[in-house]
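Which chain is which? They are A, B, C and D, in the order written, and residues in each are numbered from 1.
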Amino acid sequence: MQNNKYISSDKCIDTRNNIIDSIDYILILCEELISYKGRTSGISLATTILDQYQKLNQDQKISFFVKINKKYTPDLSAISRDASIFLENNNLKNLNRLSVSIEGKRQELFRRMNMALGGSEILVSMRGDLLSFIGDYPELQELDNDLIHLFRSWFNPGFLKLRKIDWNTEASILEKFRNNEKVHSIKDLSDIKKRLQHHKEFYAYFHPAIKTEPIIFVEVAYTKGIGKSVQEIINRNTRSNILDFDSCMFYSINNCLIGLSRISLGNFLIKRVVQKIIIDKPNIKVFYTLSPLPGFTAWLLTNKGENIRTFVSKKDMKMMSFLFEGEGDYEKFDNKMKSVILRLCAIYLIEVKHNGKPINKVANFHLGNGALINDVFWNGDLSPNGIKSSFGIMVNYEYDLLRMDEYHELFFSKGKITVSKKVEKLIC
Amino acid sequence: MQNNKYISSDKCIDTRNNIIDSIDYILILCEELISYKGRTSGISLATTILDQYQKLNQDQKISFFVKINKKYTPDLSAISRDASIFLENNNLKNLNRLSVSIEGKRQELFRRMNMALGGSEILVSMRGDLLSFIGDYPELQELDNDLIHLFRSWFNPGFLKLRKIDWNTEASILEKFRNNEKVHSIKDLSDIKKRLQHHKEFYAYFHPAIKTEPIIFVEVAYTKGIGKSVQEIINRNTRSNILDFDSCMFYSINNCLIGLSRISLGNFLIKRVVQKIIIDKPNIKVFYTLSPLPGFTAWLLTNKGENIRTFVSKKDMKMMSFLFEGEGDYEKFDNKMKSVILRLCAIYLIEVKHNGKPINKVANFHLGNGALINDVFWNGDLSPNGIKSSFGIMVNYEYDLLRMDEYHELFFSKGKITVSKKVEKLIC
Amino acid sequence: MQNNKYISSDKCIDTRNNIIDSIDYILILCEELISYKGRTSGISLATTILDQYQKLNQDQKISFFVKINKKYTPDLSAISRDASIFLENNNLKNLNRLSVSIEGKRQELFRRMNMALGGSEILVSMRGDLLSFIGDYPELQELDNDLIHLFRSWFNPGFLKLRKIDWNTEASILEKFRNNEKVHSIKDLSDIKKRLQHHKEFYAYFHPAIKTEPIIFVEVAYTKGIGKSVQEIINRNTRSNILDFDSCMFYSINNCLIGLSRISLGNFLIKRVVQKIIIDKPNIKVFYTLSPLPGFTAWLLTNKGENIRTFVSKKDMKMMSFLFEGEGDYEKFDNKMKSVILRLCAIYLIEVKHNGKPINKVANFHLGNGALINDVFWNGDLSPNGIKSSFGIMVNYEYDLLRMDEYHELFFSKGKITVSKKVEKLIC
Amino acid sequence: MQNNKYISSDKCIDTRNNIIDSIDYILILCEELISYKGRTSGISLATTILDQYQKLNQDQKISFFVKINKKYTPDLSAISRDASIFLENNNLKNLNRLSVSIEGKRQELFRRMNMALGGSEILVSMRGDLLSFIGDYPELQELDNDLIHLFRSWFNPGFLKLRKIDWNTEASILEKFRNNEKVHSIKDLSDIKKRLQHHKEFYAYFHPAIKTEPIIFVEVAYTKGIGKSVQEIINRNTRSNILDFDSCMFYSINNCLIGLSRISLGNFLIKRVVQKIIIDKPNIKVFYTLSPLPGFTAWLLTNKGENIRTFVSKKDMKMMSFLFEGEGDYEKFDNKMKSVILRLCAIYLIEVKHNGKPINKVANFHLGNGALINDVFWNGDLSPNGIKSSFGIMVNYEYDLLRMDEYHELFFSKGKITVSKKVEKLIC
């Protein structure tokens, strides 16, 4: 844990005197905040700390995190001492003492920083900074574990507010959706209008203490039956009545705040939106996704097909050989090729696992939520990226309200992946 | 921790079969909530648990708490084992394992219960129930410690919203203030109007996830100089302009939610209100309280004056003897009597301590916030209760914005109580 | 129109110099407001005029209205001149000129006064003042006609907002309902709570420019079948679900603003509320009132029964004679008496008219809205006032959604009053 | 008024039967609305009429207006009769009767149409339609006069709400500003962001019954001293504090609703915004515009300079001759040319009048509001349009709060145009 080598703190003292000063200043304030002074002056101390933090440059921020992490880490010798005492006499008092030693002071420090007006928002962006440093400073992972623990408590779904987003939403909020849509990117703000009219809308979770920052959002379109092309639905210009539709497609779900990575809320958001739509629009009966299949092409092509060799006849391997040579010329795909690739797609989704779970992250997310794999669409996404990552295939997951708990249970307890008859047949 | 004796669970099974069932049902749901099932079905599981809880009767609630407390208590043998492992090899992995054993599952259980829509509110009232049982079931204190830990995190001042309360506030909210005013009680809703007009108002903290339940509120009146009678100010009927005033009196501060006892927020509320008033009404320069002095009479009269004997001359003791005989006839109070009692009052406030802190809780609260004792008012509260508890004396604490941090520091680090010259003189 | 005798303006000039000055000042401002100066300085001129008006005392207000009325009255000689010109040559230009002469400047003056921020509210209270003076200064009726014309345009139902009122409504608004409930009076604010819980609520019209002043409100209770006692329903303490009810009772409708007298909005309010309830609570199918019958006792007793003589046998007249002698001892009412009085009640409602319309104003209001007389309840209102005004009888009008337009049509075109079979039978 | 020739109503009946039917249907509904039926069924009648109207095509709308205009026009023979009666005996009763005849029923018809929920909004767009037909159907001007009369009453500044517009405003509202900015056009919604950040903002008037439709808006930028280029200010990217500025520039004012043409609200809006800024930002002391000068080039060039011949020496005329020949090559403009043209600009602004008022509409608007002409900026707007319409000159009007009422007065009573010393000098 001696990472001083990473930060030339000595040098800083010599040459960039004020830099170190500003960190020292924050550290002193943190020490006061965590002490009894936090009792009455907590709000103003926390406010100053967060103000100061925001003025730091990249290097200073690293230095701050490294120092905080070390200074307020649990004290191993104290823990050892209290563990011994507890082992001698395992009563409640000794347990509590051990418990306090183990927690250390980092969580409490951040809990108190949150007293500042607008503190939660800054703390989230602070964790965004922290995450960008962990690669180089792996010991900061400990600090992040503490933040994750705190944020799971604070960003509990019970505190979050679901908000329907439409063209009457504040422009500043819509802009944030535009900036964070990573699946089907949005050019400009006028482009977002297409996704908020003609029976399309977004739903987003907000934390009530951070009203200007959406946390996560899902894009929704109502359809008649199951739609097969996201682009077509985004561009549709229908004058239909909502009663003409019977299905709800989730076609994109994105986080807006890097600082909330690993605080998984997507599953709760989808469940909550389904709940709301069932009440608001009782004619909508089917809930499904049209999802990308990232990594499929890469998996298939690895080392000239080493992953697929066991599943494919020699003849078919030969037919596909031009793919391994990088001539991904899709005009050569005939029907036979299509059926081989779709079969491999089903195998990839259902049988290829890592630590007992589907290797494909999107599949893992939806199956973990209790969805089933309902269909795969050839030519579902013919954008360059779609072709490159998955030969243009998209996957249709369905959320069957009556059975999703059962599927979820099977998935977690027995690793069972539920698929439709149609997808099952692809494999045979 | 074998408290089965308190709950005749066997009997219950035999005679009131469904009663036990309903608790068993909740316990099964809790077990599912804490398992992987909580991942997708967390919201509905939590909702059902809280619904079921609210239907329980008193005895069932006790039974529920006792069982939960025991079932999810940290496992002492596991802790012992992990503590030994850590002592052998105190690396991070072993520390984390010990940490998980020590925390137990109670906090996580309640954190997940909070997923229910409206969950926070119910959890707060649940703790209200719990507190009422602890007297008879002291082992539940452990469970409460976990809840306190959670609630301190959730009801962090950084999350709370300050709201100015006036006659345009919702009647349902005003009713809650009426029900929870314990210092200067409010008869009916029309009576509350007096406190919200003519330059009087309330300020309250709300949690953004519980918009219908104020947490704590302070009653405020603007005055010209320092007011000496709360009743007079409540009843005043002035047509003044706010610019006619220069001071702000806090005359009552009350919690609204029993379930948030010991989550101290009063100090933050006062600081926050002062901050807001300084901005909104720059002509207000002085912030002070007119506070009760509960316990003073009792202290003075204990065992015919054993607490005061050392401070009072024999002659004065004799003069006061009729008080010890219960003939509290205040018409006999002459000026001399008044000066003796005021002197004792100052002594009581400044010198009588318990564990190094003022024995008077109100004094302890304001001094701990950094206030000073500015004055004591004879005949400040001539209500029967005022006379009974403090011979009608009220205390005037002042919040000196420029020096309160210093006073606070002195109070906590050196136990120094800051008093005005005027009060100082009373003692000499 | 020579009402100077009512206002001793000369005297005022002599003795109370400043009084006249303040009116003169307003009159000068009014003259500027109506001139081209109103173009840019209209807002500030209007604001000053309304401020000044509110400082006037009763006599000054009268003086102001009388002067304004006269000064801006249409100029009869100009009208005569323009009428002659039009008669000579009835082209559009001459028509417009005549039209301008006829309108005078009073409407435009008040239209411009409305430019002041918060002007609408003050103008309404100004008309409230005006109405109180018309009795003594009948020429002010002309001024009021202009205000009525303006207010009908401004308080058009299309501009009004319907608001559901419950216990979460601002206390200041609820207080206004309490102050204006004239049918079933409300003691204090806590008393109003009874009418806003257990499936009771109010609906009120607000003008969007006067958000703090409800205009008119109706009190609503949901019932199973047709309720027979208002008091019972107000005091009920049911834990029912809204789905247990099938009917909606309107039991009181009241104006809040005297200044909007004769701007009839009650009929629109009831229609609008019915529309809303049908959508929000589809299980509610029947809409009805439980209404008072003011004036029935007075009508029946007039001149020892001269109004009823033709409808009642001599024997029955004799039986009722004690009533005419003022010994209204209702314990003497036996069943026979009851049936005679109920028969007279039906006759009174259906056959006793003034200018072709029911003499009873409540009946006239509901029948004019398209309601039918469904039932009359003996002992419907046993309060002293109920007994005094209508022998305790209440009337049940029903709003039959499918047929109310037809009934309304019949009522207005043919004077037909629609009654249920049951009420019809009472007469025979 | 016999415009049947314009609408081949006979033909319509024969060939497009349903078309005529739909108009007939509306006319029947209008007749019912204006009758006693409007009393209870007014809301639903009005709703149906407005629904039906919106389904009409262009020709049908024309037909509807022409018929309504004629049907509910004041009855000339009745007016003549009532005028004669009044002339015989000019009492109040006869005056009222004449007044009713003169008003006709068109205003009342539209007043009742406004009962429909959302009616005001549709009526405004209805007038938008009407205005587009008046060119071909001049008799509809009468109908429009009635609508203007109504709208002046309804869209009284006292009813309007001022709203500050920033990047947190609903996207749907911002889109309307983009669509209606006619002075400095806005490309897309992202482009609007530039005008709402870095101390720039909009202010808009809304009618409280039409919350989704802004009526008129002004674009505002805070500056240090008087800014000379609108484009520069729009594009500025300053991190300044508001306290760094002392002036407020109004650089564009636009109506959003065609249907409110001639309901002049711009002057009230500017006054209201000034009032608000003075309170919100006390450091802002100077209020001014940077305004276009449309028509200046055209005036200068008319008939080879006939308008300017009297003001310019022969030598200068010769120097300018290339302009009249259409070779507007501005690179040939030397300083001498600039000073001649600026002098002509001052003359154009101050001395060239029509009906006693400045011929330039923008000047007429600001001078009429009480502004003075403070400066003219050579190269103020070098966009092609700026050069074409005014040789690139922009005009700076100042709103001097202390003296604007005086200037307004002088402008209206004596036709005096107030100009700064600097501009005065340009002429000499």
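What we mean here is this: contacts are C-beta pairs under 8 Å (C-beta built on N, C-alpha and C of every residue); 3 or more make two chains touch, one makes a residue touch a chain.
In UniProt terms the chains read A, B, C, D = Malonyl-CoA decarboxylase.
Everything numeric here is computed off the predicted structure, so don't read it as measured data.
Looking at chain C and chain D, not one chain touches each of them. Ranked by separation of Cα centres from chain C, the top chain is A.
Chain geometry summary: the mean Cα position of chain B and that of chain D are 61 Å apart. Remark: chain A and chain B have CA centroids separated by 40 Å (rounded to whole angstrom). Centroids of chain A and chain D (each the mean of its C-alpha atoms) stand 51 Å apart. Contacts with at least two other chains are made by no residue of chain B. Against chain B, the residues of chain C that register as touching in their complex are 167-175, 188-190, 192-193, 212. Considering their complex, residues 36-37, 39-44, 46, 74, 76, 79-80, 83-84, 86-87, 90, 92, 95, 98-99, 102-103, 111, 114-117, 119-120, 142, 150, 152-154, 156-159, 208-209, 267-268, 271-272, 275, 368-370, 404-405, 408-409, 412-413 of chain C touch chain D.
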